[in-house]
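Paired with chain B in one complex and with chain C in the other, chain A is shared by the two complexes that follow.
Now for the complex of A and B:
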């Protein structure tokens, strides 16, 4: 899978910063994150828990403005020409659920137990597109069929608790797709599902993207999943983008030691012992001024800790945040 | 009704059917409890000190008089036989005549039931109308000014005894400023306007604590609900706050709130005894006090049974409403 040369950019995130409240005050946990996602592209965000990928997604979706424990402190989120961060709550709501929508990690709790799935799918159709109750219902049934719910006409009157986890995530996907959004954000949509169901879900998402031609941000901590469905990927570490590029290139030839470590940690088919990266990421508010990965990095030199490392763009569209990138020869996976 | 799919959708077969199912199941479950209650009510004369026959006969009665009264009342028969006979009458709401006044207990209670029911229903309505919106407003921004005001007044409301509030209301709003009648009761059938007019102060006095309790309950539930994942989903859809709060949060938060309202109704039943006295209303409370002081067993029994029935039916109603709100509740 490759990105078309003529593809237009659906979403452009520029230097996004997000702070969260800690007992010691506000701490920056998403720092200068920039992303571009083309129409028809699945862009994978990968990184450990707490690396800032989910908060980045919440900030793009406009769900952080409501929270008292996190705040966006800078940057732009451009959906087409509109900077979503500059909109009033009222204007932002016109785009939420219509131009961009999100599937969450928790299929068991993300649907309201008190309303039928048809109601919950049709809600944004009625609200954003002014559809009648009947039209919204018919459209909900179509959507349920599209996400692979058998006997959709009858099942649409069921409540979430009458569906399994995998089926609920399909329903959630139908909720997100209801208004044909230009951007779909999927935050670890398969993490809570059985392994057998995960593959079906990934296949479904990929086929929906091909049919609807939307842009997708796909968040995961699993590079295997990235390799399977994404076109491009951005690797997060401790709130920063540390590497970004086409999936094939990043996997075959990582240029940041953390990416190499992540790739080595994916279990292989052979009998090699399981690999891990020693240590743990720095806590929010406790990052050093130099490279944040340096304490865990096997290639680390003194110079790594003295200066902040900028994210450098190379000619082939890769971006790497490593002072030693040009000197290292790292191993990827096939 | 036929079950379909995953356990069957109760409402697919019609709301009324599910309603009847719930009501029937709860009524069946209430039978053992009502039998227990009837046993307790029946045993009241055996637990309280003193002999009713002595009470009725008065201080100058002879032993013959007392024996005659005892046999008239059936008090000399074996206890199980007495219970069966009593239960048979009680089912038809026949508790016999008052020992003190000699009138039919059913009539006496019937005359005064309207006061109690009016007070209980209006106070509960008042608690809901004040408490639910206040709780929602408070929860919409936890820690904000309106939240603190609501929490503050709710804490105060819970702490204020109803007899004190009743006295204050009577003293100022009724006696001093003359805005409301200070005492008395007008039947709803005679003049609905005057009925309401006379009930406003007692309703506030009786319902204030409940309103405060319902405010706290609503606020707590709403605050909890607003952090749930499906509220985040509703926001993701770009829905305005009135739908996110009024539809998605409220329906789920409503269940404990309605349970609390039901509980308040039964508490109000107890509180009405005092409030009726202060506002000089011819209610059940007054009757109950007279009956207890005079050891008027049939009247006491009638009142206790009636209040039990009201409490049980309230719970039944709460169960029905709750099962309607939460599709996961399936009555078996």
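Now for the complex of A and C:
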């Protein structure tokens, strides 16, 4: 499965900036992030903890527009022609849960323990589509069947604690799919699951995307998951996009040293010694003016530390933020 | 002393009361497990959540009561020792937990955290602090003794936890998912650290993990758990290359591989369903409800523990009940079955 030929862009994020509150004041943690996700595409965001992937997703969902501890300071989030960042709370709610849906990492905490799963799946159907209680319930049962819950008609009256972790994540997917969203954001949806259950979930997500043709942003720190399920990927480092492109091309031929380092960190089957990138990412508010990866980069030159590096688009649709990209020959994985 | 830890025929139950006035029905979560950990050896315990891995870890430390069986730690049978009599032996087995954010006291500095376990020893305060300082240096944290946990990253905190575990000079460290909360690059640093400490100090690890790519890097031997039982055991490389049990095969195939070319993705067995409910294992082989190869005999008879020629042991009827499918044929069988169902995706649910 590749990006659809008659590609239509479902979501376009332009130069998004997000600040968070620190004891020293506001610090920029997402800087000039641009993304485009086509209908039917699974777009993977990858990067270390704190690289800005989840905040980008939260900003797209409109979850930090009016928050005390974080604020969007610039950019556009275009769903079709609508800039979600310009909407009032009231207008935004017409999209949240309908055109935009999200699945979170923790299936244990993201469902309400006090309501049956049918109530939780049906809530957005009633709110957004004006369905009756009965219609919403019937639709919930269909959705539970679609995400692979056996005996859905009986199980829909159960509470979240009666489901296992993997089943709860399936229920979360049913909640997210309830109003046929145009964009689904999945924030580490399989990280808390066992590998066997993760395999089931990835399979399910891919088949749902094929059937519904929605656009998906899939956040993970696991490059194996990216390789398995995503069509395109965007690599984050210290709040910036440092590389993006088709998954196969990025993995086979990374063009940013950080991407190369990430790929080398994945244990291979052979007996090569374990690899890691020395040092840690800069803290928010303590980034240098030059390339942010430079202090950890084995290819770094003097110029890297002095000049800010722009994200450059190449003719083949790749984007790279590295001043040396044209001179480096980096190793990927076959 | 050759074996640091010997566990034989250990079973563990949790008490459970059904209903308001119902009878207490213990829930058997670990059934008759036996294994040992040699000096300087790394033994990995793998399996899904709920398979009993962490329960075993807590039981061998006598943090949970056991139903039956025997636990020998550093040549001392600790099964029936009173908590008081156990105290001098506790230093021989230490724990490193999964979450370095909640396993360190936020009000203590790094050096206090590492010094604390030494207080029971006949050492002066100066000796303890010097020892703690050396331990922190040995895990790569020199010069930051006075800092508090919040000043450290996740990987550094895990290093402090390792230094604390090493402090009483244990024979065995039980690592319960020690790297699963860390980024990949940091995981590799910690694994490499654990490995070098093993070589320099001769300490043994019982390494609990659900991540097989991590296990492969550090473990000498692997124990695969399913629904409270050990279903396979053997040297890591052999188990990875020629697994005996279909569950091991499924676990191995479920790990997403980083490959640029999707057609190279490994053939995959996607197991359907979940682990059986604890305390109510299915009759016969506990895995038969999810096993793609299940035969009639699997549904009624418990497979016997069998040792195979290539040094791997396991319990599976496929190899013992006259089936023509040997362990070497298991992988091939799975691949053939999958190739015929869904060629372009290389995946199937069976």
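Note that in this section the second predicted complex is superposed on the first by the 331 of 334 C-alpha atoms of A that agree within 3 Å, B and C clash if a C-alpha of one lies under 4 Å from a C-alpha of the other, contacts with A are read in each partner's own complex, and residues count from 1 in each chain.
Keep this in mind: a residue touches a chain if its C-beta (ideal position, glycine included) is under 8 Å from a C-beta of that chain, and two chains touch if they have at least 3 such contacts.
Only a predicted model underlies this, so the values are computations on that prediction, with no experimental measurement involved.
Look at A:165: by the touch rule set out above, it reaches chain C but stays clear of chain B.
When the shared chain is aligned, chain C comes close enough to touch A:251, but chain B does not.
In the superposition on chain A, A:299 makes contact with neither chain B nor chain C.
By the touch criterion defined above, A:26 reaches neither chain B nor chain C. Touch criterion met: A:112 reaches chain B, while chain C stays clear of it.
When both complexes are overlaid on chain A, the residue A:154 reaches chain B alone and has no touch with chain C. Applying the stated touch rule to the two superposed structures, the chain B and chain C interfaces on chain A have no residue in common. Every residue of chain A that touches chain C in the complex is listed here, in rising order: 48-49, 164-167, 194-200, 202-203, 221-228, 247-249, 251-253, 261-263, 265-267, 274-277, 280, 332-334. For chain B in complex with chain A, the residues that touch the partner chain are 4-7, 9, 12, 228-230, 232-240, 243, 247-248, 251-252, 325-328.
Against chain B, in their complex, chain A makes its touches with residues 61, 63, 66, 90, 92-98, 101-102, 104, 106, 109-115, 120, 123-124, 127-128, 154-155, 157-159, 161-163, 172, 175-176. Listed in rising order, the residues of chain C touching chain A in the complex are 48-49, 153-155, 183-189, 191-192, 210-214, 216-217, 250-251, 253-262, 264-265, 268, 270-272, 274-275, 347, 349.
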